[in-house]
């Protein structure tokens, strides 16, 4: 879907993005993770030509993005940013309808689409359609921002630290919602963040950027395997690396296939080992029951297995 | 700094040279019989111009600062709407109108100009004093009160120093405005660098107008530059 | 926004509303205005047009008593109405009423006083009446201070009221009115000349500053040059700028005599319009740039990211969001243009300044007033009209 080929962006003598080659497969969420100034936003902004590469090229569906004029290209790519950027003088409905209007859809189709999208992002259309942006909370505004990006049903979404300015509770709620929407719509999402927990919660693949270079990439579990490189260890924090690793592994992988005693706390099979650890700590129990789901036959999770070197 | 001094030196040299450049003025204005302004020394005019404008600016600064301090505390706060109304009204009345209106009451000479100068130069000082004092964060005042400072101490050692950059900007506007308005005062008989302009206009002598205009504009630009420079140093110190 | 008054009302239920912050200033001004004519005099009489006036007794009569009573009552009304925030607009209207009653009193007094004097004699309002008028205007301004500072209601009612008084001939005894009647055509041509000067300069300044500001928006060096130039013009005294423009324009006209037919020359409206326009560059360009930048960089990023073109961003974001700021700059520029046009008469540009400078030359107070009063009125009206437009646009948002 998206392919960066030896992409470099220089400002003066400084290479902000330095020879990055990266593939983002169709229908996956790829998180660009790095500290501020690592070049992750710049790399993302080259996809919709808000920044042009100094060298290398960016392909979307096999086509060089420079072959399409910037406005047409951008109307086909959803874009969500940290400050949301809702137009303050337009109502929620008009904001969501920005791209459909630019594309010249007819009014009735736009109205249906707006209601559909507001419902999708969890805002009741009747209550929110006619509000102005200053009448929304931060979380609601970012939901509208997401609806706006999805309005013309673009196959690709670019999200630049969209949840960073929200308080932790709202942020976790929106992360979960984004996963749900992703599962429903199958969009390809390129997501920029500096928050490692957010990256692990969302990503199919993570690309770690350091000083403009691609320092590591892979599925979260691969990335955090023992013996991972220095940049990843720095970013995730040496001492909490093991803890983050637990977050990347599903509980079903190390549950023993034995029937659980009836009074054990219950952990869903798709929960991560980090969540298992949390549940053990909060329940004061060294065993958890994992009920069967799908192909997983059910089992019991032991404290000893959890802390054994994986 | 050096550039400014060089400009002042060039200005003074030009003032000295102007009466001796008869050939130049004759060449520029061949139709005029007496193109060289020589009825008064340029230095006298400069002195009078500066005395009038800086004197007025000084009085205006005192009035403006006092009113600004008064309007930001205690009973004075109640008069804020009045200040706003004065600003709005003053905007609608050009200084030359005030000079003209004061003329029948105060007679020809510097007096009507002085009145207009003080009135108009006090406004930016007052406005900047109010803005600067208003902008002092309440937390800072709270902290000052907490350390046991008295009202006068807080004003002198906390509020005014913090408001100083804004007040200085107001003072600069006041001085520049005052130098410019002094020139207009020439129509009411105030002797200043504007005098050759007004006399030249009355007699159809464009050479005098040009000389007067040149030096008036030059003085204003030098003053503006000097004040900007002074303020930058003040802000750093 | 519209919720706010309701919330405030809910938070302080049955308690009697305390006087608004305007009450003290307005009350004080109204009281002083009522006293001023009694302390500083109502009327002055001069034996003829050029001799200086002397204070004169007000010849009391029933009509005069009625008008004076109306004036005092209206002043009291201003004071009382200003004690309730909701009634402030009515206090402003009462100030206009007081102004009209004050003028009617002076007019009636002048008429009665002249009956007993020689036909050459002139009667004019004494200092007390002028001071009271100023105080009433300030009282009205204070009433409006919370709403942007332009007392539109006062202005409209005062213009209507004074117009009515003039139409009935009640003010004919006052020397300014006498002077205006004698110089009717001259006054009218000066007024239209003044409008042409101010309007022409404003149009010229707009033609220069609008395209330059749009260009400078994304070119920092052009912006620095534009603002430097505009700031430089502000520093140069207007009289000097007019003088400096005379030479080059005279030279141009000498080179191409055809230009004279267009009114271009060293003397006349051309250097005046150019000079005034130069001063308007700063308020116009700075407010245009500030207005175009009301739309924040993040907003622009979002808009570009959605695929809006630069023209679309200008039309749908920058302009609608920046109207208020830009109109504010236009308001300042228009008022300045009206004021600066007064000086145009010095270089033969005409306008109301001609009456002012003629008056200065003859030391004739009436003539000076005849020039100054319309200038002040025009500035206040321009300011008021643009303020209404500005607040209308802000409400529309």
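We call the chains A, B and C, going by the order they appear; numbering starts again at 1 in every chain.
The rule is short, and it goes like this: a contact is a pair of C-beta atoms (placed from the backbone, for glycine too) under 8 Å apart; a residue touches a chain by one contact, two chains touch by 3 or more.
For reference, the UniProt names are A = ABC transporter ATP-binding protein; B, C = ABC transporter permease subunit.
This structure is a prediction, so every number in the text was calculated from the model and none was measured.
Counting C-beta pairs in contact, the chain pair with the largest number is B-C. Put simply, the chain farthest from chain B by mean CA position is A.
Centre to centre, using the average C-alpha position, chain B and chain C are separated by 23 Å.
Between chain A and chain C the centroid-to-centroid distance comes to 59 Å (mean Cα coordinates, whole Å).
On the side of chain C, the complex with chain A involves touching residues 296, 298-299, 301-309, 312, 316-317, 320-321, 397. Interface residues of chain A facing chain C in the complex, by the touch rule stated above, are 48, 50, 70-76, 79, 81-89, 98-99, 102, 145, 148, 158. Interface residues of chain C facing chain B in the complex, by the touch rule stated above, are 21-26, 28-29, 52, 137-146, 149-151, 232, 234-244, 246-247, 250, 266, 332, 335, 338-340, 342-343, 346-347, 353, 356-357, 359-360, 363-365, 368-369, 371-372, 375-376, 379-380, 383. Chain B meets chain C in the complex at residues 77-82, 84-89, 91-94, 96-97, 100-101, 103-104, 108, 176, 179-181, 183-184, 186-188, 194, 197-198, 200-201, 206, 209-210, 212-214, 216-217, 220-221, 224.
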